[in-house]
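If you scroll down you'll find the structure; I have some questions about it.
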Amino acid sequence: MSLANDRIRKLLTIVTEGAIESALVRDLDRLGAHGYTITEARGKGHRGVRNAGWDASSNIRIEVVCNADTAAAISAHLQAQYYDNYAMIMWVSEVEVLRPEKF
Amino acid sequence: MNPIDPIILFFLLGLIAGLARAELRLPAAIYDFVSILLLLAIGLKGGIELAKQPFGDLLPQILAVLVMGFALPLVAYPVLRHLGRFKRADAASIAAHYGSVSVGTYAVAVAYFGTREIFFEAHMPLLLVVLEVPAILVGIVLARGMSRETRWGAVMHEVFLGKGIVLLLGGLLIGWIAGPEGVVSIKPLFFDLFKGILAIFLLEMGLITAAQIGSLRQYGLFLLGFGVVMPVFSAVIGAVLGWALGLSMGGTAVLATLAASASYIAVPAAMRVSVPEANPTLSLTASLGITFPFNVLVGVPLYHVMAERVHAFLGA
Amino acid sequence: MNPIDPIILFFLLGLIAGLARAELRLPAAIYDFVSILLLLAIGLKGGIELAKQPFGDLLPQILAVLVMGFALPLVAYPVLRHLGRFKRADAASIAAHYGSVSVGTYAVAVAYFGTREIFFEAHMPLLLVVLEVPAILVGIVLARGMSRETRWGAVMHEVFLGKGIVLLLGGLLIGWIAGPEGVVSIKPLFFDLFKGILAIFLLEMGLITAAQIGSLRQYGLFLLGFGVVMPVFSAVIGAVLGWALGLSMGGTAVLATLAASASYIAVPAAMRVSVPEANPTLSLTASLGITFPFNVLVGVPLYHVMAERVHAFLGA
Amino acid sequence: MNPIDPIILFFLLGLIAGLARAELRLPAAIYDFVSILLLLAIGLKGGIELAKQPFGDLLPQILAVLVMGFALPLVAYPVLRHLGRFKRADAASIAAHYGSVSVGTYAVAVAYFGTREIFFEAHMPLLLVVLEVPAILVGIVLARGMSRETRWGAVMHEVFLGKGIVLLLGGLLIGWIAGPEGVVSIKPLFFDLFKGILAIFLLEMGLITAAQIGSLRQYGLFLLGFGVVMPVFSAVIGAVLGWALGLSMGGTAVLATLAASASYIAVPAAMRVSVPEANPTLSLTASLGITFPFNVLVGVPLYHVMAERVHAFLGA
Amino acid sequence: MSLANDRIRKLLTIVTEGAIESALVRDLDRLGAHGYTITEARGKGHRGVRNAGWDASSNIRIEVVCNADTAAAISAHLQAQYYDNYAMIMWVSEVEVLRPEKF
Amino acid sequence: MSLANDRIRKLLTIVTEGAIESALVRDLDRLGAHGYTITEARGKGHRGVRNAGWDASSNIRIEVVCNADTAAAISAHLQAQYYDNYAMIMWVSEVEVLRPEKF
């Protein structure tokens, strides 16, 4: 791959229930994420259709760009804390960032 | 005979459109807007009335209704746990939904008695607010015990700072402070449009209910039965309590409706955070897929009759 | 002389703001909300009137208007195909747009005749609903032939369960069942606010039209000509038909307006699914970029005069 | 004594809910909708009045107010730069915010004097529009000098084609052209609902203010002092000018309020594009976190007294 | 790359017209996707600006996490069925998922 | 990696203030992007919480699929033009596209 190594970070994408947004955001702060981006979403998964028609069926999609350790910490925490009881999925990819010092 | 209330027809329109999979979707922002307006309007109406009477007179009623709010989920829980064979968390969560109240159902009752020009005590919104909370606390304790682990701070935040309570209580206080004359200037939005806004709300509720009915098959007959029997039982309790508290016939019927209604805003949000292992589909299927349409279509007129009987039999 | 209707000015404001690339954008949720309110209000108004008269009396009118709905796209198609040299799918799709109707244009006509206190038959919303559908079917058959491949199930779903038809028909039924008295309670939202809501809708339509006008240059003069001549031609048909059906002068003018109007909600959605190879920019440029502003600014008063002439020449 | 205006209570409700971190969030689409309605309504009201009087009579007032709009930021800038030790861009940007006006504050003043049935000149919305612009230009020049680099085309676009100006001016023109009778049909939405819509707007403004207050600690005492003293100073200028222009007592108070108010819609957007190196948190903390609540809760009644005094001392 | 091989899946991102959402979602179900996430979008491409101001100009952005075969099947189907007549683009990347059995 | 080389493109994701949308979109056009997709977002970063409650605090999330040169040109331009004064972050990843000629 042509990406300069010191600019490589992890991009964590989490899709989950809107109901736990504030709790999640607190967790991210605590676990060392320097930032995050949230968009409203709907979707379908093992827990059925979540069509965002009203509060109880709304999803959010959270993106966090961070280093590998933070990504590991976050995904471990989310898996332990939320995976069993909440509609939630998560995936990780590698991205190149512009100003590595920001993340 | 009274004509069919158009707002009920809006609910049916949403329900049928949803079941027929019509390309009809109300934007989430509009659902939010409409429910904010309803919550504020109900609060304001209650507040204006509070401005007219000494608060002390209402204290006995508030306390009695609080007790009912604690009692109803305690009745529902064993039924769900043992007859329904639900897991502990699920039984506790459903019990909390049925112990609390539905603002949408209340609004339908207000419209129903308004159309018929039947008097009911104007401080009902206060009892509505009072009834929202205790069942949530009971549900959490039923699910977790009085465990040290429960982060009561977070629970209290979820319960008292949820959208529903903040807007109802906020409206109540604003109405109380501003009083009947102060509120005149905002009447066109909050009061004149009330039933139109309620119609839009019920259209969306019909669509949501239709989506919920899909999961009904999965959970079988017990839930269906519970979703019909529990509200009728609660309505009887509410009606007797209303009579005992000296409420008018209309007020008795409204209290019966409040008791019969099952929450789908405040309680689901609180349970999601405080009892996450409870399956939300279960409780929403019951409260939205069964009890809400039952109350809207059949329940309110039934509780009306119920209140008339209670007042007739037990004496005014 | 009558003053300029402010709702037209709202359309112009949107149009000018859009052309000047002002930083003005109405949230999609609000566009949705506003159009839902308009559709329901128009349906409700029609339904109330239906409650007052036996449905049987309207059957001849419904049938005649149905025939017009099938005929108009059949007239438009060869013109588009041979004079305009459009591809088959495009000619069929544009023909369907012009054979069907525009609720926004209808609302402007209602406001126009309302302001001038000119009577028109109150069951016009029923004819509006009736006119929405046949052109879509004709368009699909023109594009595909009666091919076995066409999934008519999906087509019918798209046609009858689209937002427009569901809300118009739903409103109609609610108005019919609830009747004039039943609807009183929701009047403030649906009727008193009607023209204000229409103003907001037209503001947004102006912005949308401005965006559409950009692609006009691309498609040249033929489309421009068609977008003006076709509605005037259809209006003549509509006016004569209205007179033949014994409609009042106002009713004749409204039917002419319906005939002249081109769809931009129901038909584009249906064509997108059923005739995907048709280029939507082409038909929307015509119906939104040319015909809608033409009808709103020039057409409605023109069809008013037209109806007066028809009634004068052919006798009342 | 007059009762507390309920719209102020809505602002407080939002503020308290925001500070308590309640789960209350108004969808952005609703905030947009509500502010669009307010801007159009204010414009329309002004336009109707313009239709009643010859425009020429207003020219002196317009010119005088323009001069004030250029002068106020020139006063604020050196204070911010030297006393406040802000960077050049920040001082210029904050000065622009305070030289311009807040539509929300104006609406609160309109409601305040409306409730008290105190007359004020009906063409105030025109002065509101006039006051929006000059401070922005001054702010840009203060930040950049008359540098060739400034893309004045883009600046002018941002200033004159921003949402605020387009809707205010658009409403003004529509009201002017349609006149009092023309506008009757859209009155229920734009005028009857005005204070209800304003209540919802202020609820959201309370939530936004609460979010802004968080950053207040960071910027210390100077900003707090400036956010209170500057509006009072500007109000004095506005009151004297109002008197000098021969405005009524009410009109004087409204002009004082306009002078005292600080922008949080038009100016932030323009500064973000034209003076990007200015920190927007700084100016929004001041205008939204301090000055807006000060004006809404304390300022408007204060400027009322101020106008009474000015008229008493200087003679009517 | 440091990603454990059995946790690697494909992330398919599709941007297309809102008008075909229901049809697309049916296709995804049929072709074996276990879930999907949708967000509202606007944008510009070969078919011009789609600014989401109203129904006819609204875009949706669909994400599907799935195995390579499903991804290939979906992209082949979409290309055959929709690419010619609809505003649509699609891209695929590799992501690491937390609970491979879910996809 | 199993991606065919001629189908590899860059996916640039930019999260920034809604206030500069029109300027950014003009820049993208000028720098050779063939298209872009925008979604509304909120988030948190070095410049604090941007909760999208109203205009001044709204974020947008822009995606651009393009070749490496265009990606480099865009990221260089944004870094020079906007990074200092605006809430903005940007990341780049590699994606496989279906119809390479479109990008």
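Labels for the chains are A, B, C, D, E and F, by order of writing; each one numbers its residues from 1.
Basically, contacts are C-beta pairs under 8 Å (C-beta built on N, C-alpha and C of every residue); 3 or more make two chains touch, one makes a residue touch a chain.
Because the structure is a prediction, the values reported are computed rather than measured.
Contacts with chain A and chain C are shared by B, E. Farthest chain from chain E, judged by C-alpha centroids: D.
Look at the contact of chain B with chain C and you find different residues on each copy: under half of the numbers used there are shared. Two chain pairs are in question, C-D and A-B; the one with more C-beta pairs in contact is C-D.
Relative to the C-alpha centre of chain F, the farthest chain centre belongs to B.
For the pair chain D and chain E, the distance between mean C-alpha positions equals 46 Å. Note on chain placement: the centre of chain E and the centre of chain F lie 19 Å apart, centres being C-alpha means.
One finds 40 Å separating the Cα centroids of chain C and chain F. One finds 35 Å separating the Cα centroids of chain D and chain F. Along chain C, residues 23, 26-30, 33, 188, 193, 269 each make contact with two or more other chains. In chain A, the residues that touch at least two other chains are 1, 39-40, 93-94.
Looking at which chains touch one another, you get A-B, A-E, A-F, B-C, B-D, C-D, C-E, D-F, E-F.
Per the touch definition, chain F reaches chain D in the complex via residues 17, 19-20, 23, 40, 47-49, 51-58, 82, 84-86. Across the complex, chain D is touched by residues 27-29, 32-33, 36-37, 157-158, 161-163, 166-167, 170, 173-175, 177-179, 181-183, 185-190, 193, 269 of chain B. Contact residues on chain E toward chain F in their complex (touch as defined above): 1, 13, 15, 39-46, 59, 61, 68, 75, 79, 83, 89-94. Per the touch definition, chain B reaches chain A in the complex via residues 25-26, 28, 31, 204, 207-208, 211, 215, 264-265, 268-269, 272-273, 276-277, 280-281, 284. Considering their complex, residues 1-3, 9, 11, 25, 34-40, 65, 93-99, 102 of chain E touch chain A.
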